[in-house]
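You will see chain A twice below: alongside chain B first, and alongside chain C after that.
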Partner chain A sequence: MSEHEYKPKSKVGQWFNDRLPLLTLANHLTDYPTPKNLNYWWTFGGILTFCLITQIVTGLTLAMHYIAHADMAFESVEHIMRDVNYGWLIRYIHANGASMFFLAVYIHIFRSLFYGSYKSPREIIWILGIIIYLLMMAAAFMGYVLPWGQMSFWGATVITNLFSAIPLVGEGIVTWLWGGYSVDNPTLTRFFTLHYLIPFLILGLVVLHIWALHVPGNNNPVGIDIKKPSKDTVPFHPYIVIKDGFALLMFMIVFAFFVFYSPNILGHADNYIEANPMVTPAHIVPEWYLLPFYAILRSVPDKLLGVVAMLSAILILAVLPWLDTSKIRSAVFRPLYRQFYWILVADVLILGYVGAMPAEGLYLLIARVATAYYFLHFLVILPVLGFKEKTIPIPLSITEPVLGGNPNLAMAKQKESKIE
Partner chain B sequence: MKTFIKFCSILGFILCIFSHSIAADKVDYLKTDWSFKGLFGKFDRGSLQRGYQVYTEVCAACHSMKYLSYRNLSEKGGPEFSVEQAKAIAASFEVVDGPNADGEMFTRPAKLSDKFVMPYENEKAAQAANGGAYPPDMSVLVKARGGGVDYIYSLLQGYETAPAGMILDEGVHYNKYMYGNKIKMSAPLSDGIIEYRDGTTASVEQMSKDVTTFLMWAAEPHLEARHRMGFKAIIYLIILTTLVYFSMKKIWSRVESEV
Partner chain C sequence: MSEKNTKRRDFLFTATTAVGAVGAAAVVWPMIDQMNPDASVKALASTEVDVSSVNPGNTITVLWRGKPVFIRRRTQDEIDEARSVKMEDLIHPEKDEDRAKNPEWLVMLGVCTHLGCVPLNDKGDYNGWFCPCHGSHYDTSGRIRKGPAPWNMEIPKYEFVNANTIKIG
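Presenting the complex of A and B:
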């Protein structure tokens, strides 16, 4: 790679860079050779970085005004909404920012699934990503508890109670998590502490995630290895910077629409009722981004097995690089996988939908079928597909499909029709 | 690019359906034209002032509004009473203050900085006075109910005689829009129960609309500022996005790839 030859122009620059090679790093980041055929699905990495920084900055500001105490938390949130200058703006950005963060991360994950970005040599990037995703869920869940509304309290009660499913030590663990015999002030203060800590852990992991990415370089829609730098690549700056910037601005328009015009649509009305341990809400539902896993949890009749199924649904992703036996990365050249991919997308959306509905009758049946299919996809379909599927011949370089007319898809379609 | 936009809009659509299906039970609420909805939505000052009158003369007998202060009544984007009017309103309430230099608690007329005086000392007292049901605090009531303003507006007009065969306990009333149709609050409004200072006819429909508007403001006091800023922010973002789009086109024209 080019950064080894990098030498700052000025004497001072050289002196500094010999002692701390920050300028080499900056040079590496600007020159970083990126495949030139990256489509807009690849812009979500940058968007996610933006989301993380936004959450940290707004979160720090909120923490200056928020009071982590069971008797005062709800009131302090109202204080932020009413009396803190632009407090309503900061809080709505933070609350909707969580949803935007998950929207972007789901697109990011499903992009990886479609183009096989998790495959060798990018397994470590993928596993780091799964850890980040798990931490995001933990941070989001604990953040939702902080306003101390009805959904906060009862959501916390339901989720922490899951640990009681563990044989022998379960009950003890739950008491330990709560810091008492029910969700109460000690629970709130520790959730606040952890909610404050986790984003910085995520930030550290994001650095590793990007570091690991910069070793093999980006995957691309064609999914082939490319020479770097070459005719197939462009330097990160200005090409990718401006493209990411453009996509980020589009994303911000959607974000702004939620913040300014329907700031509460993604939340639950019950969370504007102060927590009351004596009154259980009619339906306890988590935030939308956790619904598919909630559906999996509830579709298993046994409590312990339900928890195991829910955790496996996430952890199974960590071993995905070894479950997918196909050597071809991009779904563009995998006609069968492409169909199963979209079925999986539909399956997850269905799980999300039934997760929001009461677990009874037809909803429960659908949830069970969808859960079974989810595991079937990863444990049976993917491994078998690698051996059985007849893939489309892949091009030798990115330039080939580009010169053939439209990038990627047109070329693939053309080849596809030849096979048929 | 096109498929990307298409996919995003589909995704947004699904997201909206999701949130709607979660938020609203399938009830047809009474509809009215709320002036505060939409991109430029603003409160109707007259309606807010009348709404405050309904709240203070009817609702406040049982419902507290503990997160609001009297100063809010004269703040921009609210009912916008003059500061003098708000002071006079505050002064008509007594608050307990103290202890004074002798260590005694004392009562004094409320000031602008005081929170709205609560009708009951505490939640238990409120329950005891209302047959065991706690009249919920109204500060964020609109946001705390699935149907929002439409729900409150409908509920106030939803009192009917119970259908035949439905047995109601003592002190329980039938309401078409209430969850489970049983409500402890008796119909709070009736035609002419109050006399509007601005001469508007105090019909149940009119009072429901006014008080709901007032409750919306109470729950979202910065709604007008939010709408104003939102419009500016989105216009700014659209212009910037357009500029960046053309810069991107220009930069990428150096390589023979499409963006």
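Presenting the complex of A and C:
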């Protein structure tokens, strides 16, 4: 944070800023000192902001044409696709936008995991992020229900039934969620209301997420604390703005590819069949971004424990800052953690794959092993690794590796002796 | 400030908080309860079904309260199979005699007790039903035999109005 008092140049600006210091805020955001070694994995915060705004704008426009009623919802979505001017485009952006949002958020989360961005003093940023992620899943799930296709209906049935696993009050909660004895019109109207609300909750949390970020400042690939502002930082504008902008353009190319060339590849054909409470589709799968958790749910043969395992898999992330006992943030200086990190990435991808496959035979076995490993990583490997791992000495400043190639032991030692 | 005065304030503070909490709860409850099934949903409590055209070995599915209900006219083999199972082999032990008062007719909610999918007829390892979602197998009495579902498929309240008509609910 720039500590100097900001004073607008113009008289009007000063008059306004004395009454509402918006210009001070704008100045803080443009001058915000950012580590100069941030790589492209750090551009996903900006990309995610873009995704959220895209979903809100396309969602608002879709809501002008959509009808939240069990008898008309399916037809109104087809009406959007066929009759509304550019309705197909807006809906395809919104539907694929959800997938792009999750793609970006997974990269963003795994960036944090690799560089230890969740560690002290950034725990609150991380926990806010996990809450945003949970809300994203809720919003995505309810949004998927709105077209009232077969997958919408049965997805809603299966997911709301997860609550029936709760002892004693479970059935009552499910009836309350449905507003009836099955997923029906009352369920649809409340899901629409909540689907409309959640993005604005996320927006509020994003403001807190960024606010909390601006207190300690960004982590960086080297993972050490830096002085701000200093030789190690650059102002957010124009340096990071340009870099984020370029990354966003690349991201939008991928986004546009899905929207224009394969808008349905991430969806499911069964959702173009209107909801029918008498027939369950032969193979129910959630959207790709929920598959790893779905695999965990199915790998446990007990209903309640399956639900508990699935929820724990997400909530365990919230306590990650305390499970990881290592003081070193960046995996660059943690040779063992680096390997376990990539095993975890592979493990989650495997879970995603088996989540899309039928829960039987070899798939089920793989899902069980991968589920066990997932929890092993967080509950055993990370806590133990902090004590056992022999880390590589970290450089004293981020300028060092930037100027001298890869950070290495010899350089750090040399520098240390010089200081002494 | 005297000691007396302090006690008086403590009392006022506690009383105000308590009344405020009761008031808040009284306002919150209607906001929560409005989501429960409304009068029009509850009014659809019963359905009458004509079963005269169902042949032995066939199942019809009717909608009751938005949920499918299986009405199966069982063959003698199926009845024998359901009744010969030992209680200790069952995950959720229930006698077939209790589930189907009239052994020929099995009336039950066609809803898997795992996560609410509709199981498929004449499928699975126990010649009853099989749920395609997460692989639960049910026997000819609709009892869970294998898979993640915790309970047998539910038997709704029903009665034979006459020989050919079942009233569900």
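Here, the second predicted complex is superposed on the first by the 402 of 420 C-alpha atoms of A that agree within 3 Å, B and C clash if a C-alpha of one lies under 4 Å from a C-alpha of the other, contacts with A are read in each partner's own complex, and residues count from 1 in each chain.
Convention: a residue touches a chain if its C-beta (ideal position, glycine included) is under 8 Å from a C-beta of that chain, and two chains touch if they have at least 3 such contacts.
Being a predicted model, the structure only gives us computed values, none of them experimental.
> After the chain A overlay, clash or fit between chain B and chain C?
With chain A aligned, chain B clears chain C, so fit.
> Is A:256 touching the first partner chain B, the second partner chain C, both, or neither of them?
The answer is first: A:256 touches chain B but not chain C.
> Once both structures are overlaid, what angle do chain B and chain C make about chain A, taking C-alpha centres and a multiple of 10 degrees?
It works out to roughly 70 degrees.
> First (chain B), second (chain C), both or neither: which does A:359 touch?
In the superposition, A:359 contacts chain C only.
> After superposition on the shared chain, which partner residues are touched by A:40: those of chain B (first), chain C (second), both, or neither?
After superposing on A, A:40 lies in contact with chain B but is clear of chain C.
> In the overlaid three-chain picture, which partner chain does A:246 touch, first (chain B) or second (chain C), both, or neither?
A:246 contacts chain B only, not chain C.
> Going by the contact rule set out at the top, does A:157 touch chain B (first), chain C (second), both, or neither?
second
> Please provide the least distance in Å between a C-alpha atom of chain B and a C-alpha atom of chain C in the combined superposition.
Minimum over all C-alpha pairs of chain B and chain C: 12 Å.
> Which chain A residues are contacted by chain C in one complex and by chain B in the other?
282
> Along chain A, where are the residues that touch chain C in the complex?
154, 157-162, 164, 175-184, 186, 190, 277-284, 298, 300-304, 306, 358-360
> Hey, which residues of chain B end up touching chain A in the complex?
1, 4, 8, 11-12, 14-16, 18-19, 21-23, 39, 67-68, 72, 136, 139-140, 143-146, 148, 179, 219-222, 226-227, 229-231, 233-234, 237-238, 240-241, 244-245, 247-248, 251-252, 255-259
> Okay, in this complex, where on chain A does chain B touch?
Residue positions touching the partner: 36-37, 39-41, 75, 78-79, 81-82, 88-89, 92, 103, 107, 234, 238-239, 242-243, 245-246, 249-250, 252-254, 256-257, 259-261, 263-266, 268-270, 272-273, 282, 285, 288, 349, 352-353, 356, 402, 406-407.
> Which positions of chain C touch chain A when the two form their complex?
32, 35-38, 41, 61, 63, 65-68, 114-118, 131-135, 147-150
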